[in-house]
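Consider the two complexes below, in which subunit A is the common component and subunit B and subunit C are the respective partners.
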Partner chain A sequence: MDNVWASTNKLFFKINPSLKFLLISSLFIVYLFVQNLNTMIWASFFFLILYYLVSGLAGKWSFWFVFLTLIVSLFSASAMIMFGKGSHIIYHQSLILITQESLARGLLLGLRTFTFSLIGMIFATTTLPVPFFYSLMQQLKVPVRYAYGCLAAFRMIPIMAEEFLHIRQAMRVRGMTRQKGIKPLYERMNRYSLTMLAQSIRRAQRTAIAMEAKRFSMTERRTYYYEIGWSRIDLYFIVIMLLTVTLGFVFAAYFPLTPFTNVLDH
Partner chain B sequence: MSKEKSTNLKLNLTDILVTIVIALVFGLVFRLMGPVYDLVKPFGLHLDALLYGIWFIAAPFAALLIRKPGVAFLAETAAALAEMLFAGSGGVINLYYGLLQGAFSEAVFAAWRYKKFSLGVTSLSAFAALIASIILDAGYAYLPLLAGWNLTLYLVFRVIGSILLSGLFPYALVKGLEKTGVTQSLRPVTKEDYDVLN
Partner chain C sequence: MSSTSREGWGVTNLRLAFPKKNAMLFKDLSFDYQRGEKVLLLGPSGCGKSTVLQVLSGLIPHSIELPMRSDRQEVPNNWGFIFQDPDTQFCMPYVDEEIAFVLENRCIERAQMSELIQRYLDMVDLKLENNHQLIRTLSGGMKQRLAIASILALEPEVLFLDEPTALLDPNGTEQLWKTVRQIGKDRTLIIVEHKINHVLDFVDRVVLFNQHGEIFADGPKQETLARYRDKLDEFGIWHPGIWSDYEKNQIGNQINSEHAESILELKNFAVLRQKQVKFSADHLCLNRGEWIAIVGENGAGKSTMIEGIMGLLRTNGQLRWSFDHPENHVQFVFQNPEYQFVTDSVEDELAFSLRVNKMNEEEIARRVDEHLERYALKAQRNQHPFQLSTGQKRRLSVASAMINHPDVLILDEPTFGQDAKNTFALLDIFQQLRLAGTTIIMVTHEMEIVHHFATRVLTVENGRLVNDCVSSEGGEERNRGQRLGEHEQVVF
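Coming up: the complex of A and B.
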């Protein structure tokens, strides 16, 4: 996984994770009420630029990630484009009916999904689990038991991956992977899922018992190894986000690319 | 007796950890299913809606396993958070969907006061999560603006998918897990268990 990150030293890694989380989640509310196709076009454009500037992913990964996300987002709007209601017909063949209204609505939906994915990726690629959960405990007062539970769970991912490989190797040694048909496939799936779930549950139980044995307390006040605080960078972050969102709205007002200012009308 | 029961049903550290680990596993599944779901979409017949049900699985599965209040909500929310941290498609949207779906799923188990965990109740909880997703989709994805026949097809497929993938499937999985014996130590002690001792 090390080569996935370009550098964990970039600006966005140093933002207070709770602030980043809250601000980014609140953007959902902002764009949920946008019905102007132009705003969505410009917003996705500016967030794309922002993503390239701040993303923690290495270049090659980053490009394919964005590309796939764009394709997938437009796919997700295909139903609305092909089967939406509307009166100005562009294309009509049997069940498929593409109208100007449904096309505009579909594009808006696709771009909205794309923008949210980009915002989500800005968050996901610049946030490391450990500071994130520490910050949740310290700034947002998330109960320690849940945050530490998540931290412990994240530590188990590599173990689960290893376990998956072990099961596969064991199956290969016994010739299970060569059997074809529905029944052997079902058998394999069964063995993967049940074994991994049962082992994960047992591991979680053991971890919980070990934590309690070491006097992990669910209620009392505690101190933290990492103290997550605030800095000037948090202020920069707020300004950058506000600027990106405002630019989207301003450009939509002064440089409208399409006539669809409200896709719910017509 | 009633006091003892209430402390009995409180989540302890083991319950929380097990729930979160399960949620993380499902978060990974959600993340991997995301692209699959989007790729079947362009066929237009809403085959994607059949797959939609998988996103409700964390809540009923965890509830069946641990059988305590709050588990379903915690599992679905944590799974959604995990999906967001794994940079799943849709990003922050997932968290809102997860919160609401978890709450609706939880409400069904709460309606039976966490005493009944049959196949029917599990399916109903999947159905409740489906209602939650449709409420959000009506605003987010403009569902009412789809052509009538298309919307109907969509809703029917979603109901079938959610009952199959988040009702029957988790029920069967937990039944399988019961055979391995791991579930015994997770569930709250019942009256029957005490009766065995007497």
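Coming up: the complex of A and C.
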């Protein structure tokens, strides 16, 4: 887990997390309404480049994330490609019917999934939980109890990961993994969830009491250890994002790679 | 609810009930304490000491809602509470952020925070290269001291400590009490604790509870303890001299191993975690009927060693059991028994591995009954393993390992977090097993166990097996004592 981050000192780590959050979420909405296949192709291309430039993940992790995303996108595209409607048939075999129109729609859908994941990862791989929640409290006035609640939950993740390994070892020792078949598999799943749920509930309750014992109150005014403010970098960030999005649209207009400018029309 | 008198606090005629239990936990319990007092609450497990502590601090009913009634509940204005579990007291990932969390709650100006954080860390003697360090990289003892530092940030006049060392090793325990002693000088301390060796020096008042949650003795340390000394053994409290008491009543703990049949041989053995060698031994040969103690500092590689031997981690080199199917002859007991429970009742738990091996049901029933009897779990046979007490959970985990009649039993700190009564019950069981020919291999921090029971001591240091001393009979006995002295210096 510890070697996931290559560097937490990159430019994108210094952006105001609330701004990053809002801008990135609005991008999701923008690309939700794009029906032009060319725009989608160019946008995913430019965001892929941007992702590689700004991501804070170590190379190996970064590669596998993108690879995984590609596979997921392929799945979401394949359903549309193989079972869609259209008049220009490319391939027909029993249930599978591929037409030019469905191919275009499928590709658009796949690329949209891919772009969404990239944008999401640009955010996720350059934002640390503590500054993010501090910024949410300070800039977006998110209630203190939710922010600290989420932070406490983040702390549980590595503890739970360790717990998972322990339970797996214990199952091997008890001979549970020697049983083959569906029923033992179901029981193993059951055991994992029951044990981890029981431990997590207990931990959560203890943590909550400990936090209250430290005079954490949900309403009163408080000071902050980290002041999350604004800087010139935030401006750079807005420019970079706008540039990436605009480039996608401009290239789609001047260098269209396909004839499908609106996949819903055909 | 709030404090009116300036010099003393407490609760009068407390009645309290837990949901789904018919009996009241307390019936008109009263307890008062004065500013500057250092009070130790003692009693058997489950008598409600921790609950009293939570009532005294106002956590009940303010944070933990329980049906309770009292004529008077006076809570100090400024108090801090240290809990048992080092892992669940924090809500932030980094050391400095955790203390800052408390400062934020107190609305301290941001500019003063770094300086204050350093001051509180100094007070508990927690020296870190960089205060912005991940909390999960700290040892249990350091985490508990961090917990104290973050409580000190509340500037409390009263400190409540609820078995803060129950999950610490002897080394961490000693350091923690040293810290508490320092910071407690001009504060009021109310302590619940089972291991009282280091606490006795600085408390001045002792309160004893019985099983029914009643206070039956309350007075100055010396008198109370002298008068009720026998009660301490009954309650399972670790007090100075408990080992010599135990030895007097014990006959079968002389060390002798006549068997010399080799059961496990390691040659150029290395255990890997995440592709890095974390433990290595050039040559090691273990014999039947030995009680092998593995000792060493935290993180030295003791657990890695036994997990490697169990085949739970990747290993290099030679590992040779003298059995064809080691999984049927070697059993492993984890440090946290809850992880290894795989069924929903005590009975099924015991029968589980027998059913995996397709034994006939009659034989299974016979063995289950026998083990329920031997490990004193008969009354709990239909309960869910998670509902058992700490001691019962541990006994169940050992019982479910032993029901297969293994030749080797490997245990990772089996007495960790157990009270004295449970520990001695376990040790008696292990001793019986060893005399019946089972080989016991255990990781432990308790040097007393090593002294009294082990026939052989393996010392692990920085991921290497550095010392292996066999203690068989007569002449070597003295030698063993000396060597153990050396260990103690190394280990503690």
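Note that in this section the second predicted complex is superposed on the first by the 266 of 266 C-alpha atoms of A that agree within 3 Å, B and C clash if a C-alpha of one lies under 4 Å from a C-alpha of the other, contacts with A are read in each partner's own complex, and residues count from 1 in each chain.
Quick note on the criterion: a residue touches a chain if its C-beta (ideal position, glycine included) is under 8 Å from a C-beta of that chain, and two chains touch if they have at least 3 such contacts.
Given the structure is predicted, the values throughout are model-derived calculations rather than measurements.
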Clash or fit (per the criteria above) of subunit B with subunit C on subunit A: fit
Subunit A as apex of subunit B and subunit C, Cα-centre angle in degrees (nearest 10): 70
Partner chain in contact with A:167 - subunit B first, subunit C second, else both or neither: second
Subunit B versus subunit C as contact partner of A:193, first or second or both or neither: first
Contacts of A:224 with subunit B and subunit C, given as first, second, both or neither: second
Which superposed partner A:127 touches (first subunit B, second subunit C, both, neither): first
Residues of subunit A touched, compared between subunit B and subunit C (which is higher): B
Contacts of A:216 with subunit B and subunit C, given as first, second, both or neither: both
Partner chain(s) touched by A:28 [first = subunit B, second = subunit C, both, neither]: first
Subunit B versus subunit C as contact partner of A:240, first or second or both or neither: neither
Subunit B versus subunit C as contact partner of A:158, first or second or both or neither: second
Touching partner for A:58 - first (subunit B), second (subunit C), both, neither: neither
Shortest span in Å between Cα atoms of subunit B and of subunit C, once chain A is used as the common reference: 7
On subunit A, the residue positions that both subunit B and subunit C contact, one per complex: 129, 152, 154, 198, 203, 207-209, 211-212, 216
List of subunit C residues in touch with subunit A within their complex: 57, 59, 62-64, 80-81, 83, 85, 87-94, 96-97, 100-110, 113, 135-136, 150-151, 154, 307, 310, 312, 327, 331-332, 334, 336, 338-342, 352-353, 356-357, 386, 400
In the complex, subunit A residues that touch subunit C: 129-130, 148, 151-152, 154-155, 158-159, 163, 166-167, 169-176, 178-179, 187, 191, 195, 198-199, 203, 206-217, 220-225, 227
Subunit B - residues contacting subunit A, complex: 12-14, 16-25, 28, 34-35, 38-39, 41-42, 44, 46, 65, 74, 78, 81, 84-96, 139-142, 145-147, 149-150, 154, 173, 176-177, 180, 182, 185-186
For the subunit A and subunit B complex, residues of the former touching the latter: 24-25, 27-28, 32, 65, 68-69, 72-73, 75-76, 78-80, 82-85, 95-97, 102, 105, 109, 112-113, 116-121, 123-125, 127, 129, 132, 145-146, 149-150, 152-154, 156-157, 160, 190, 193-194, 196-198, 200-205, 207-209, 211-212, 216, 218, 264
